[in-house]
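Both complexes below contain chain A, partnered by chain B and then by chain C.
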Partner chain A sequence: MITLQTKTTVISILAIAGLVALYWVARQQSLQLHDPTILSGYVALTVMILLALFNTRKKLSMIPIISARVWLVFHVVFGLALMVVFGLHTGSLWPTGLYEQILAGLFYLVCLTGIAGYLLSRSIPSRLRHLGNEIIFERIPAELYEVREAAKGHITAALEASGNETLAREYEESLAWFFARPRFFLSHVSGTERPSAWIKNKDTSLRPFLSDAEQQEFDSLLSLMNYKNEIDAHYANQRLLKGWLFLHLPLTLALLVFVAWHVLLVHLYVL
Partner chain B sequence: MGNEVTLLDRPTRWQQPFGQNMTDEVVARVLKSEPFASMDADNFPGSTPLPDILRFDARVITVEPGHIIVRAGEYGNSAFSVISGQVRVILDEDLPDALLGRAQAPGKSYWNAFSQLWRNNKHAEARRLDQLTTETKDDVILVKMKSFEQVFNDYPTAALDKGSLFGELAALGRMPRTATVVASEHTELLEIRWQGIREIMRFDKDFRAAVDTKYRENALFQHLAESEIFKGLPKAAFDELVEKAIFETHGSFDWYIDYKRGKKTEPTIATEGDYPDGLIIVRAGFARVSRSLGAGDQTLTYLGAGDLYGLHEVYEQGLGQETRLETSLNALGYVDLIRIPLPLLEKYVFPTIEIPAKRLIDNKDSLLQDTVADDWLLENRFMNATQAMVIDMDKCVRCDDCVRACSSTHDGNPRFKRHGKTYNNWMVANACMHCIDPVCMIGCPTGAIHRSSLGGQVIINDETCIGCGTCANSCAYDNITLVEIADQAGAAVNDPASHKPILKATKCDLCYTNPGGPACVAACPHDALFRTGFDGENILRGS
Partner chain C sequence: MSEYPRNDRFTHKVSRYERPTNSYRCGRAGLWGKPCSQGPDANGSCRGVAACRPHKNGDRWECRRLGGACKEGPRPDGSCCNTQPPCAPLPSIRRLRGRIAALAFVLSLSVLAIAALVNHAETDSGSGAASVSGEQPVAAISNGSIPVGDAGGSFLGGIPSLTSPGELSDIHLAFTAEQGCNECHVVSADHSGEKPTLLGFSLASLSPHADLQEGCVRCHEFGGPASSPHNQVDLDGELQCQSCHTEHKGRFAELTIISSAQCASCHEKKFTSFKDHVSYGEQFPHRSGGSIVFDHAKHVNFHFEKAKDPSLIPATCTSCHVAEGATNRLKISGFEQSCSGCHQNNIVAAAKSQLDVLELPKLKLKTEADLSMFEQCGAVPGEKFKAAGKGRSTAFQDWLVDANPKQVGNYAAGFCELLQTLSTDNMDGLLAAMRKKSSAAEADLFTGLSPTLLATLSNTWIENERFRPIKNKLPKPVAEFGWFVDSKGGLKYRATDHADRVAMAWIKFAQQLRSDTGDALAVRLADQILAEDGGLGACLKCHIPENQKVVDDEPQWGSAGLEAHHRFKFNHSAHLSFVGAGSAALNAQDTGCAVCHQINPESNYAETVRLTAPGEYTSNFNSIENSTCAQCHNENSIKDDCTLCHQYHEAPVFTQRLSAALGGNNETTQETEENQ
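Let's look at the complex of A and B:
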């Protein structure tokens, strides 16, 4: 059985060989005073279409057309190769005409979102795993509802047990905000300890004012807050893992449309 | 579709008989043949009379000379009784596949698989109700063995005549068939699905005793013959081993009931430091090997069918050394053992074998973290898996491409949950593990859940499932889900009598009809998901 590592190596060698061959042919064409951009343009277009087919492959999972893991390797390796082909084709980092600038801008954005997505997909899974509980993204609203209801239950219980409104007031003033929806998005994405510090602060600032009966409920409330914090971390990181595709895919579609128009114009007015 | 509801009679056991040809006359004729003629019909309760067991759980099939009835290595869910004629058991397991004419899997073509893109129903769990209410067809597909007369001459065979029963041990034990059986003349057979055999065994003492005796005579011989240390022994030695071997059962056959209630019983079979009085061979089930370490026990490994315990100690005892058991052995829920007494080993086995260098106690040098990994595996009874869905959570981006792939190959309905028990970075997801011992099959009243005869996958026949939930309740891993079905337009389907929804059991079928195998594996772009058993090296170790 051929390992994924071997397949990656083969695909990488193919990509490098393709680039070398393209460079050599383009150079030969230049030396013979032919325009090499037609060749590099069509190579770029072909690779772009192949890369875009990855999404189609995902929808055809019921038929064995090469496993998605090999497709992803191809997508990443040839995506990087395409950046070189693009450089060969344009001959500069930033073209001059407005249309070409839009085209180049879209291309760079697609590349950037792709690279960012790849890096996110390599780093976030491990971070999610270390959060502890595994929480399915689609279940987060239900989890939040359950946590919120449980929190309200503890507030009511504390009120009934002690007759003091300390916790109830605190809930109204700030905890309701915390339990209402996912919070501290940027902190969770960047991995800072701000959310934990916020919870700790609530603990230290409130506890001196709570009776024994209230403290018991407050301990349970703190557990819920910590769990809610875990949900928030899952929400932020999973949102990011899913979110980059919402940039990458529309940008790719826009790029393909602009490229199609570009090819048409080249055929109408240049060739 | 709002509140629209379609009515459909709730399927019941015996609503769909195993075969269509069991008329009153045929049942009466079968009742006059052995072994049924000797049975006392009064021993059977009014709710499960013998004629009804035969009518609904059996069918008559006619075979011609050369027809292959069962093949060695395949899974089967039924036994056969010879009504008239003769069949021959081919005693050589190594028949070439070409001779056996193995049937092709009932797979989807590439076009059928592809066309699911637009054919899949947009409503969840939609069924074609006409398919659910049609009668089952007799789907006996018989293949003729080429040059069967030559095979009968070239290979050792045993004849089974009128009244003989075969195939019941594999069917009841959910094990592969151990031999190939071919018709040697025009023969009429009664095929009984295992639910029927189980009922007959429950109510007929003599039949039950006959099956037990047959086990000792046939299957025990087979078990011993398969073991490396008994290879090459003369027939007389085997006869004595078979006669004097001791059967032991530890734990409960219904271990999953206690397990699901949170009672992880592990009855002790042997204790470290005890006198080794015989060699233990695991026949079925699993057992944990451990040693005491500090205030606890260190798991060294687990044993499954065919594995040996105590070989080194008993050998050294045979040499006259004062030895004690180096490890303890506990049943993981349930285990069937064969114990070979020391004198027999000294007489027949020790003079002929070379003792393997590796001892069970050697695993004591494993890292403690690996021991914990083994413990986790056994605590959760995952050693039962042949095709567990394992996800590396350090690679999984939670994209759910696996779930979508599963859904698109199952008419828009996913058959697993991307959720499950986690050890370090490994998640064993809630997907059918196609167990070595599929306890979900125990008690299915219609035989809807069964092993595929070719790949051995555990699959559910949606048409004969009555939604009783026995399988889902039995599954120790919560990998079977009962779903409320809908009609093609998405309307709920209710039983007219109770007005309650019609349910069906659903689970992963390993995409056994799909070209290319499990769609979940092929769809994972991050190389995070794979299907695996845990025999051999525990993949969770070193994580």
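Let's look at the complex of A and C:
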């Protein structure tokens, strides 16, 4: 059984060897006064199409065309290699023509979003694992509804048991806001403790004013608040995990359109 | 907390529809409300109006609500009793992402389509950048203006073009004013000259294309095939202009950069720095003596040392050579400034020699036929030819008549015809007769010759009268310069000064005669013209016509010699100030020009200067060696690229099309191109 690490190593070696070979051939072509950009351009185009096929592969999960994990490794390694090929092809960081500037700009944006997405997909799962609970992103609205209803139940129980409106008023003034939808998005994305501190602040500020009967319900409410906080963290991180593709995919498609235009023009005017 | 989190909360029984691959999600869940148990269908319609879809079991309807049957149960008609208004399902993240991606795709296509249509419309209307400038390209080039707002196809009608990969360089910027991209890019062999359509764009990219070089050679031409290496016919291989020259890199981009490594890829001896350069050879940089004979060693080491008048001795090399703006060769400042101080007397002495052009020969017309033939010309020969002095035909006459005077009959007929021609058609007739014999005959040969003088002379001959020169008060030495008829009735020419135009024309004519034909009479004429005694040969004491540079078929009598080999280029001007040429003495050994040009006193320059075969000539300077250049040009100091000294192209010039636009002659355009 070949491990993923071995496959990663093989793919990386292939990519590096391909880059070295491309550089050598392009160098030889340049020395022989042939245009190396044709070769590097078509290599870049081929790699770009292969990278774009990753999305198609994910949609065709029923067909066993290499596992998605290996595709991902290929996507990442050859995506990085493509940046070098692009540099070889253009020879400069920023071209002078408008459409080539658009093309280069799109390429850089696709690369940046891709790198950002890869870093997010490497860091967020481990962060989610540390949260302790597993929550499916699509189930979060239902989960929030149930938590909210449970919280309301505890408030009602506290009101019936003690006859005091302390918790009910607190719920109406601030806890309802908390339970209404996911909160503290940026705090959860950045990993700060502000949401926990907010809950702790509620505990310390409210508890002295609660009766024994209310405190029992309030403990349950605090558990719910902590669970809701976990849901919020899941929501924020998973949203981010899915969100970067909102940039990467459209930019990739736009890039492919301009690449096709570029190839057309090159064939039309140069070759 | 007891019931949260539930262990089964993500099982399919609890939620059957919230999957990432679904296209829609519940609208209520999207607003963080209570999601229904069914969720929207694949078309995005709400299925949560009823809590369940009751099932008929026999004659009874049973509740099928997810999470357990309700108390009320289904209505008698089988509908669910728990209903609510439908929600507005929202697209799932996956679907939303797909929509945005599709939008980006369509937007990109639209931008390109609009750009292509604008491009096409502008090309169709013929406005394009031309409408911005309002000028034709030739006019724009000749007056030096560049169309405002145009950037070599980067803008069309003020709209940024999505077909141009970048601005053209300043040099080429004005050329796209009329035809836009088509000025250089021929879209395809099938679409040449046509306006490209959007469909044509796609089709053309798949069809065979014309050579991009075609656009370049409309304006540029070389001393050989444009696509041959170094424009040399005998070198294998083919190179396109764009192999080295890449456009669309911005207005200030350098178009001619080529690395030494690229040169080395073709050349057998590979090196990338001066110290490894192949030896310059024994004759570097002088492979021929040029067109002026001047023995530097003899002048510097002998004549200048022994000069009676020290004021005539040049102080430095730049006293005779023009340093300002000098490139490959240092021009000589001219005869009057450099040579006449000592050599004017040579010109005066040489002027004593004269060119015999026409004489009335003394023909021995012994037979009736000969006499009759001669008389038919209108001549009335008496007992003797009164006008004939020595009575000897000239080599020019013999060549023109195409007969030797000893062949009396033929000669008499030819001479008779010549007399008639001179009498009736004068100078034009003479030139026409010459041109029948040689294409080298030009009007310059008779510059200054009075038609009246020629007519008078010919009529005098025909009438067999003695020629009486017009009475004037000029003394004989003055009267007998330029064209004149001597006391014996012979037409002659004597040079008036240095660089006499007529003498130069006759020497060129003689050179041409020698090279054109093996006709003995023509060779005799050429020999007579170029004879030092009785011809113009004295000029050749200093001038070597064989080495003269020819520009537009005109031999250059100045110091310009043959071109340096290997497309060598050198900026003398930049080096002269560096070595202090303006102040170094003539005999200095390590400053001034002597830093590179060391006189070789042992050279046999005088014996070899007229030899033109390769390797026969010996310069009176030592050959320059690599080490001399490498003192300054090395990897640690001043750059030592191949292109620093070598020009890739052979004799690059602009074509007539562009030359006319630039308003310059061939030489001017060549200079311009070299400067570029």
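General observations
Keep this in mind: the second predicted complex is superposed on the first by the 271 of 271 C-alpha atoms of A that agree within 3 Å, B and C clash if a C-alpha of one lies under 4 Å from a C-alpha of the other, contacts with A are read in each partner's own complex, and residues count from 1 in each chain.
By our rule, contacts are C-beta pairs under 8 Å (C-beta built on N, C-alpha and C of every residue); 3 or more make two chains touch, one makes a residue touch a chain.
Source: prediction; values computed, not measured.
By the touch criterion defined above, A:229 lies against neither chain B nor chain C after alignment on the C-alpha atoms of chain A.
Shared-chain residue A:270: touches chain C; no touch with chain B. After overlaying the two complexes on the shared chain, residue contacts for A:144 are found with chain C alone; chain B is out of touch.
Of the two partner chains placed around the shared chain by superposition, chain B and chain C are both touched by A:136.
Applying the stated contact rule after C-alpha superposition, one finds that A:180 touches chain C and leaves chain B untouched. Contact with chain C, but none with chain B, is seen for A:261 once the two complexes are overlaid on the shared chain. Counted by residues of chain A touched, the larger count belongs to C, out of chain B and chain C.
Once chain A of one complex is fitted onto chain A of the other, the partner contacts of A:64 are limited to chain B, with no touch recorded for chain C.
Touch criterion met: A:124 reaches chain B, while chain C stays clear of it.
By the touch criterion defined above, A:242 reaches both chain B and chain C. In the superposition on chain A, the residues of chain A touched by chain B in one structure and by chain C in the other are 134, 136-137, 242. Looking at the complex, you find that chain C touches chain A at residues 1-5, 9-10, 15, 18-20, 22, 25-26, 29-30, 32-35, 92-93, 96-97, 100-105, 107-109, 112, 115, 154, 160-167, 181, 185, 187-188, 196, 201-202, 204-206, 209, 212, 239, 242-244, 248-250, 261-262, 264-266. Looking at the complex, you find that chain A touches chain B at residues 4, 58-64, 67-69, 71-72, 121, 124-126, 128-129, 134, 136-137, 238, 241-242. The touching residues of chain A, counted against chain C in their complex, run 28, 30-35, 95-100, 102, 133-139, 141-147, 150, 180-181, 220, 223-224, 227, 242, 245-246, 249-254, 257-258, 261, 263-265, 267-271.
Chain B meets chain A in the complex at residues 110, 113-114, 116-117, 393-399, 401, 404-405, 408-409, 418-419, 422, 425, 427, 514-517, 519, 521-528.
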